[in-house]
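Worksheet: one structure, shown below.
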Amino acid sequence: MVVNAFDICLCLTLAWLAWQVLRSHDLFKAVVLFISFGMLMALSWVRLQAPDLALAEAAIGSGLTGALFLSALQRVTGNKRGERRLDRNEERHDKRA
Amino acid sequence: MTIVELIGTGCVVLGIPFFLSGTIGLLRLPDIYTRLHALTKADNVGLGFIVLGLIIQSSSWLEVIKLLLIWFLVLMASATSCHLVADAALRKKIKPWTREK
Amino acid sequence: MTKGPSKTASALKRQWPLALLLVLLFTALAWAYLAPGPAAVGLAAQVDASLTASGVSSRVTAVLLNFRAYDTLLECFVIFLGVMVVWSLRPTTVTAPRQPQAGAILSSLERLLVPLMVLVAGYLLWAGSNQAGGAFQAGAILGGAGVLLLLDSSPLLARLPKGGLVWGICLGPFYFLVVAVAAMLRGRHFLEYRAPEATLAIVTLEATAAFSIGLCLATLFAGRQPQGKSRGENSAHSPAWEEDS
Amino acid sequence: MNTFYVSLALILLLSVAAGLLRILRGPTAADRMMAAQLFGTCGVAILLLLARGFDALIVEDVALVFALLAALSTVAFVRRAWTGKITPKGRRHDHR
């Protein structure tokens, strides 16, 4: 019963996260969501009784993809535009405050 | 249920509210500095209680060492990332929140 | 949300094909799961039957590095090719901004974590022959250690010679080929090794593969060809990754 | 199997799912990143509880790997993605 609830919760969160990653226009947000997705994926592999995959996903998903994607984001958007993209939200926040 | 299991389970249960308060802090506190504080302190105490509870019930030394190592690593990771993010935020001149007079 | 309602509406309009595809995929998956089909026949029995001949006691490792070592060989080459592709790209004109001083905290984290990462990678490698773990997991953690060193612009990596880097990246995939061909020289098939010498083959394969995978991942993160000297000079002593400037 | 520990893990999973809202809401990049960091700590706790709940010691290795690499993406974020400057007025200045 509880185990089923855990699995269902995991599935729903994963599906919702995947949807959010796909629909996000802000690339940085998508990257962070994807990192979270990787971590939840590691939990799913544990539940599917595949500890080998869980280990690989924990290493790749939580640590390396995050670093690789953030580094790639910096290169892809170019330094200035990429930063402006990150800063835009902060400026908006400043104005509101 | 033996007394050892009881104490261990109690410790584990005691850890949960800390995690919940960490999440509530992340959602409710007003700016990045205060949120950092909620995240990196409350959660580590929570994890500490869970690790303690599991250690009490553990029977093998290898497991105890592994659990302590896990807690230590998480402490290091949280402390470092909290410092780095707060430092970068100050560099970016994000103003700490103050109560309006 | 700070976007206007019209923008949200147009965003929704743009997203409906995606939503439709997802719903279709989900329905297909649900149908495949619920539909009555022939009972699935796993290969667990066959794997267990020949586990003693494989040289290791972990089923997953036996499958990955013995029964279907072909797949793992190709995977090693995929990562290797990834590095080749990244190196063949033109370097970006965008340079990273001069970073603030790394600071004592980050370097002490690095000094603490990197040895532990190497230790845990070794543990996973060692544990791989009888439980979960193995080359790829260990390699990923080594890659993480490399990334941490790169982020701190550690002098340790700056001193790494380019020649050493190239050899290290090649080591895993090509050792795999050597083992595969050595089996042929002994009158067996490509990549066929059996119990007595299989353990040695698998352990060395995993160690070299993990080392190379870790190096490849760190190189992917560095993202460009090492700035070695031109070919005629002694490139073995030039640093592989100079500090970002 | 120990259902009690699995239910504790479920509570933590729900708390993580609530923390996801911070990634969506922002407002600064650091807020999003720290919400992902929450996943690191909470994920380790969930894994430890699952390891006890299902009596699978191997899951503790997964938690170890999680804990080992938890800081990596945050460090990458601070060193690579979030290095520009904004002044209090919100106008951007080049650093050179």
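Should a chain be cited, it is by its letter among A, B, C and D, assigned in written order, with residues numbered from 1 in that chain.
Operating definition for what follows: contacts are C-beta pairs under 8 Å (C-beta built on N, C-alpha and C of every residue); 3 or more make two chains touch, one makes a residue touch a chain.
Treat the numbers as computed from the prediction; the structure is a model and nothing was measured.
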Of all other chains, the one whose Cα centre sits farthest from subunit C: B
Between the pairs A-C and A-D, the one where more C-beta pairs touch: A-D
Centroid distance [mean C-alpha coordinates] between subunit B and subunit A, Å: 21
Length of the line joining the C-alpha centres of subunit A and subunit D, rounded to whole Å: 10
Distance from subunit D to subunit C - Cα centre to Cα centre, in angstrom: 23
Touching two or more other chains - residue numbers and ranges from subunit B: 69, 73, 76, 80, 84, 87-88, 91-92, 94-95
Interface hub residues of subunit A, defined as touching at least two other chains: 51, 54-55, 59, 63-64, 67, 71, 74, 90, 92
Junction residues of subunit D, two or more chains touched: 16, 28, 33, 35, 40, 58, 61, 64-65, 68-72, 75-77, 80, 82-84, 86, 88
Sites on subunit C touched by subunit D in the complex: 96-100, 102, 106, 109, 113, 116-117, 120, 124, 127, 131-133, 137, 141, 144, 147-148, 151-152
Residue numbers on subunit D that touch subunit C, as the complex places them: 58, 61, 64-65, 68-69, 71-72, 75-76, 79-80, 83-84, 95-96
Partner subunit C, residues of subunit A touching it in the complex: 19, 22-23, 25, 51-52, 54-56, 59-60, 63-64, 67-68, 71-72, 74-75, 78-79, 92
Interfacial residue positions of subunit D with respect to subunit B in the complex: 4-5, 8, 11-12, 15-16, 18-19, 21-22, 28, 30-31, 33-35, 37-38, 40-42, 44-45, 48-49, 52, 57, 60-61, 63-64, 67-68, 70-71, 74-75, 77-78, 82-88
In the complex with subunit A, residue positions of subunit D that touch it: 1, 3, 6-7, 9-10, 13-14, 16-17, 20, 23-24, 26-29, 32-33, 35-36, 39-40, 43, 46-47, 50, 56, 58-59, 61-62, 65-66, 68-70, 72-73, 75-77, 80-84, 86, 88-90, 92
